[in-house]
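Just below is one structure, and these are the notes that go with it.
Chain nomenclature is as follows: A, B, C and D, assigned in order of appearance, with residue numbering initiated at 1 for each chain independently.
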Amino acid sequence: MKEECGVAGIILPGDRPQSNTVAFKLYYALYALQHRGQESTGIMVYDGTSSHSIKGMGLVPDVYNKDSLGHLIGNVGVGHVRYSTTGGSKIENCQPFILNFKGGAVAIAHNGNLVNARTLKDELECEGRIFISDSDTEVIGHLLVKELIRHDPIESIRNVMRKLVGSYSLVIHIDGAIYAVRDPLGLKPLCFGKVDCGYAVFSESVALDTLNGTLIRDVRPGEVIVFTGDGFESHQIGNEPHPAHCVFEFIYFARPDSIIDGKLVYKVRENIGRELAREHPVEADVVSPVPDSGITSAIGYARESGTKYLEGLMKNRYIGRTFILPGQELRETAVRLKMNAIQDNVKGKRVVLVDDSIVRGTTSRRIIDMVRRAGASEIHSRVGSPAIIAPCYLGIDMATRQELIASYKTVKEVESLINADSLGYLSIDGLMRALECDRSDMCLGCLTGEYPVEIPGENCIRKQTRLDDFDNKPESP
Amino acid sequence: MKEECGVAGIILPGDRPQSNTVAFKLYYALYALQHRGQESTGIMVYDGTSSHSIKGMGLVPDVYNKDSLGHLIGNVGVGHVRYSTTGGSKIENCQPFILNFKGGAVAIAHNGNLVNARTLKDELECEGRIFISDSDTEVIGHLLVKELIRHDPIESIRNVMRKLVGSYSLVIHIDGAIYAVRDPLGLKPLCFGKVDCGYAVFSESVALDTLNGTLIRDVRPGEVIVFTGDGFESHQIGNEPHPAHCVFEFIYFARPDSIIDGKLVYKVRENIGRELAREHPVEADVVSPVPDSGITSAIGYARESGTKYLEGLMKNRYIGRTFILPGQELRETAVRLKMNAIQDNVKGKRVVLVDDSIVRGTTSRRIIDMVRRAGASEIHSRVGSPAIIAPCYLGIDMATRQELIASYKTVKEVESLINADSLGYLSIDGLMRALECDRSDMCLGCLTGEYPVEIPGENCIRKQTRLDDFDNKPESP
Amino acid sequence: MKEECGVAGIILPGDRPQSNTVAFKLYYALYALQHRGQESTGIMVYDGTSSHSIKGMGLVPDVYNKDSLGHLIGNVGVGHVRYSTTGGSKIENCQPFILNFKGGAVAIAHNGNLVNARTLKDELECEGRIFISDSDTEVIGHLLVKELIRHDPIESIRNVMRKLVGSYSLVIHIDGAIYAVRDPLGLKPLCFGKVDCGYAVFSESVALDTLNGTLIRDVRPGEVIVFTGDGFESHQIGNEPHPAHCVFEFIYFARPDSIIDGKLVYKVRENIGRELAREHPVEADVVSPVPDSGITSAIGYARESGTKYLEGLMKNRYIGRTFILPGQELRETAVRLKMNAIQDNVKGKRVVLVDDSIVRGTTSRRIIDMVRRAGASEIHSRVGSPAIIAPCYLGIDMATRQELIASYKTVKEVESLINADSLGYLSIDGLMRALECDRSDMCLGCLTGEYPVEIPGENCIRKQTRLDDFDNKPESP
Amino acid sequence: MKEECGVAGIILPGDRPQSNTVAFKLYYALYALQHRGQESTGIMVYDGTSSHSIKGMGLVPDVYNKDSLGHLIGNVGVGHVRYSTTGGSKIENCQPFILNFKGGAVAIAHNGNLVNARTLKDELECEGRIFISDSDTEVIGHLLVKELIRHDPIESIRNVMRKLVGSYSLVIHIDGAIYAVRDPLGLKPLCFGKVDCGYAVFSESVALDTLNGTLIRDVRPGEVIVFTGDGFESHQIGNEPHPAHCVFEFIYFARPDSIIDGKLVYKVRENIGRELAREHPVEADVVSPVPDSGITSAIGYARESGTKYLEGLMKNRYIGRTFILPGQELRETAVRLKMNAIQDNVKGKRVVLVDDSIVRGTTSRRIIDMVRRAGASEIHSRVGSPAIIAPCYLGIDMATRQELIASYKTVKEVESLINADSLGYLSIDGLMRALECDRSDMCLGCLTGEYPVEIPGENCIRKQTRLDDFDNKPESP
């Protein structure tokens, strides 16, 4: 099941036994990661003997309250925010996945997507195993527990990693310790740092900022870090020659104030704007972002091109849940409610409209129409990513190939469909310059159709090293 | 985990494929069984391909609504209401337990208590199996699926039954068929009947009445009945010489309008009142019930003794959730809110107060004090059951031996503690006369401390026949 | 607007200033009066300077919680529960009606119905006054405040009473004192008593029982009682030669454990059953009530006739909100869900079915059909009130004349319509014997079509004395 | 009572009678005006005979849903969003204020603050009038209805306006027509336009944009516009030589994409940034806004100064309700949750931090500390308004004089308190240049302590013309 998620883990070894500090800190961390998943959320803490948890559908402030968090006693815990478009949203899929087995209580928070989940599930079902949810996390849970009854946690995790194909950034609680696990290609982000007297591991560094923590570094591709009362210990399980970081985290998904794999997302997006200006210059009066995701690139484009930066569109800050109404007229009203063109800023002007990406193209078309009705004389669409031509199988819920506007169309055709006077996508090379890295270190599946892992029916550009060959020497902090 | 529950299953083979009739009928059936569990409820239906479910904490009208039920498409389904005092009440324990495995979707609704759940769970955990909930039902689920991947459903259920010790009335959905399963001693009730074009199986016959159905008969101890599109088929798996029906269902738990194991509960309770009048006659002015559970026995007592039946206590029909307030004064107010003495009906009178049973004795004491303050000159407590002296391990949440007022006290001591002028318990023989059956056919564990199954640290009065020796010839309707 | 309501007022002069005891006591009192109104409820308390209030739609436990009640500081307060079928249920109609005027804060809780509300409203609107709600209470509020700016509270209330025609039992808060007001005919009940260090006034005495208070007496027709820090003082404002107590409170509306106008409702209903047995004897096997309202009369009937009392119908104790489903079949299911026939208790038997009253007749028909299907050989309907032939204009929401089954039909016709083997209504004389009072002291409008106040288009049996002629001498406790 | 509010009115004369289009359009309009009030909201529609309404506490999406809006039938309606810090927030204060009187149904939505509300209320209370709420709107309601029973609506409104002192932008429904009323000084905004086949009047033009409407113009100070089925008609009631538009709407309160009194708010704020750069230049590396309110001015400052625009702070888009936790540490966490410094963008840099205004100064201090901890070498605070030295009595909930940091402190003292390296407020003259208007046309009360209306204990800079002298000639569209 395709899932976008945020994961969190905190351990405060010196905390007094009856404290709920970890629960409150996880709450704040998940709030800071809310952009990674708005459908459900859960927190589990462990008090040395038993685990306590809250799970629910909805946003962080809907699921938790002061009273309920106050009862979550324990100095180590795991949290999760989740969004999924596949299948019905149901409470059974809410993470962290908490399970009891012979050896105690385990909780798993997972961000990513297993490519071989179906195969693994089939094998487990043949053993007579049962599944309660639709999530990949339950598959990982079964595999892990099978190992844990015979091996120590690190050995167990290593054995599980040998079986998994796909993206997985995991925060696992086993018996009072937190394990941070990142797949050998480092597809989805995961970082850790110091918080108070202990440690924390999060999908993005903004959660560390929120807790006034200090970022230590990213969890490395193929690395397992165990956090205990005595500090942390690193185990390099996988050792791929190149990582395959998800490029879309930088383009759109992550918060601009996060540092992912050593790169400030804000900086990358500003660079994207600059590269875009170099690749697709145009004579214009103003550069305007499509808020909020296009803002940083638009600032970069404006600075590089010397064109005036002026906001042509304003976003309603209060838009949350709104219901869909029958009739074309009211549907368009809902769109205008979310975003409004500032007539004076675009009327009679040649506008460069900078957006982060174009997926289906329908929103782009609506926004361009809105700006055109507001009187813009020319609208030049500039897009902070190359054309998205292939689906993501590794954790971003994008669309099917059929739904992607650029899959089977030329740039000229897309330009015409979205009703722009000109359309300029950033090139892959330009994107790499913005990222200041080599394309061999990124996953560009959605831009090229070539994936870093084998996906049935798709091209694979590299062969994953067998995990069996990894060495596994602990590294101390 | 000790659980009181109600179970339900319906199959309407001729129903049109897109119908939600089964879901609505299950809703009404669970409403009729609400007295068996008020903590959580769930419904699962199966449309031939996939299952759809709703689960939630609270009462039936809190969990379901017209819209949500409307989406539950399928012509076969399983439902559950549940109450538990052990451990925190959490969504994970809500039934039916729905699981996916190699062979498809299974749903299990369970009423009862396994005595060997811990042992079975240990064995399963040693195989690396994981547990999400605290309920016995998950144990049954694991055992069942282990069999189902190798055997047909009937063979699988038989093999599972060989492993289970304790009480279990199960309604199981496997692959579009409903299986009704009752433990070899028939501890908890389970009956089935005709509903419209199909069949239904319920904990109590009132649910059949509600659906305008016709009771066929009780599921027999040790029997498995499979309901398919073509009718039903019986398989006698266990064959104990005597059943051990739970006596407390008749004394208190079941609705008076239910017929359980061939006996109308109302009739049993009226008989109890008559027997009580014969065993413990007293010169009095009025016979009054403790409402609602003492009403039927009080009517019987009054008729047998020729004493006037007059309600001395009135119950507030609107009492549902009420919060506990600090301070003795307000706590007593909450008690008076639930029940009020009618001064004119008891003032200056010798009152026989008939209750169904005495567990901890605290409520009895409060009620007797209330009637005394209202001016009764004498209060003679008559109890429609023998003294409860031992805990129940087989499905009724009663109390620990320490909490039971009669465990270590004489009748005189209890009489004094509850402040009654006289106290008369029904004898076990009197109870058997009321039930019109032999004590060898009932479970009297809570009254004698002797249980029909082996319970560590308790006396077992009989040795359970090995299920291996059962024959298994299908019987057609 | 026709309203059924419960009113409450408490003053605890010695209570410490910052206490919320009055609020919690009002909460319990309203819970005890919940049967008088389930649509909305409100509590206002006054702390000597300002008033604090909570209002909401729904049942008492839905509207208040421990936290919110805890903030209601004050040692005097007024509460209300309300049910209305006229017009949409809206928050604006929720009582007590709380208003601010020159002289301070006033709160009014009203039970009853003004016959001349429209006329009074017209007059007030001609003065340019505005109305926020549809309730009669706002009319009373305007009239009262017009007086209060020139007169003292007692004089003001007297002047208002001169204008009001209809039924009104009022609990009014003015400036730290509680005023209990009952219309000159004493149509709706109102009583008061001692609670702790103070006084309380309620629609029914059960609320006093709940608070462990002591009933002092009913508020007399035409009496105003003021409760202050120093005790209470009575002012007889109206002085009708005869009261006109609502007979339907005794027949159906009030709780059986309430004492209204000196009569225990339970006793009246038992007498009703006895009178009914004398007036309409029948050879039968069992006497069964229609629960819950027919229980007490059925007990009386059974005793008087010597016929066996046996419950043929069982009510589901958990029925609260249930939704109406499309289709005849499911609608009937909803009926069976509420009430179930006990087949064994009626099969092959001649059943006397005792109900409190017949309004539209549809429910009676459904119940008789249910008992018939359960196998009763004969069903003799016995009704604890005379035939209801005319609407109530004075506070009970009954039905229009067209909807009343007995308005234009003979007893034989009704008997046939409800499908009974025989039908016996209690005579008015029999009812009076049961009430042990004279028909000149009761309002029998719904039974005779003759009303104690002038109602346009209806007969009036008496001329109301002009309130101007009342003397007004204070009486001390 | 000091209130910040948004008002809305729509009339679609040609709409089919049973339509709920007006209700849905009001819903969208209020959503677009949500920034003007988040505490409560209400909608009333009128179907030619009766009015239908929904009111509730909370945000627009919390109060309304598709079903409830669907029942609001009518082709004319009024809506309101409200925020108040004075007194408890209670349902009684929720607007529009809907009242019934002799002549029919009236609904009033009010934005503003009456300076003489207490005096008017006293007079009305002396007439025996009663008040349900604490809001000024109820005062206006009483005055209006007093007139309406003798005069036509326009005459009535004119007579009411003669009595009101303070700010008031009103949308009033009387008998199927909408009246837009703005006080003679035009303190709070109000504009109207064409929507579909009808007209709409709103606090801000963004609501018109949302409904795809066309702005016609602002309602003029002292103007009453009546919208009926036939179009609209203007009546100039007041005729002050100069308006006194609220300057704070431009500085902070209004949405940047609104056009108020002919000025695009975005443009004013950009100009503010430019003027600020001219008045308070500083050698710096980057210009960063305090999001969201400082963004536009920061863009202007950056452009004028030629300094690089770079976002040093990122706002969490998901922050809504969050609870306050005990302890300094967790309180600071809550602050960081709302806003996060981007270390790379400020580290080692001289930062110009542009905010819209400084009220109490506590937030400014916290933000500057956060940026400093992120490594900024210098922080130069630039504020897009002059120092706020006096309270607002005319509709903006600011603070008391004691709470305002600049009331009794020099700029140097404020600079030191907020821990800035330098602090520059925009001058009043600079603000006027940004607004491109004369200071005699604005209300600068909060900046000068001199108010355009007489306020007890404060300076008044002008004498309001008597409304009696106004001429009143209708102007047609």
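By definition in this document, a contact is a pair of C-beta atoms (placed from the backbone, for glycine too) under 8 Å apart; a residue touches a chain by one contact, two chains touch by 3 or more.
All figures in this text were calculated on a predicted structure; none of them were measured in a lab.
Trainee: Spelling it out: a chain qualifies if it touches chain B and also touches chain C; which chains qualify?
Mentor: Common neighbours, chain B/chain C: none found.
Trainee: So the centre of each chain is just the mean of its C-alpha atoms; given that, what is the distance between chain C and chain D in Å?
Mentor: About 49 Å separates the centre of chain C from that of chain D.
Trainee: Roughly how far is chain A from chain D, going centre to centre by Cα mean, in whole Å?
Mentor: Distance between chain centres, rounded to whole Å: 38 Å.
Trainee: Roughly how far is chain A from chain C, centre to centre by C-alpha average, rounded to an integer in Å?
Mentor: About 62 Å, centre to centre.
Trainee: For chain C, which residues are shared contacts with two or more other chains?
Mentor: Residues of chain C never touch two or more of the other chains.
Trainee: Please classify the inter-chain touch graph. Allowed labels: line, ring, star, complete, other.
Mentor: The chain contacts form a single closed ring, each chain touching exactly two others.
Trainee: Touching pairs of chains, which are they?
Mentor: Contacting pairs: A-B, A-D, B-C, C-D.
Trainee: Give every residue of chain D touching chain C within the complex, in rising order.
Mentor: Touching chain C from chain D are residues 53, 55, 90-92, 98-102, 106, 122, 125-126, 128-132, 141-142, 145-149.
Trainee: Can you list the chain C residues touching chain B in their complex?
Mentor: Listed in rising order, the residues of chain C that touch chain B are 24-25, 28, 31-32, 34-35, 38, 59-61, 65-66, 206, 209-212, 255-257, 259, 264, 266-267, 270, 292, 295-296, 299, 303, 308-311, 314, 316-323, 325, 330, 332-334, 336-337, 340-342, 344-345.
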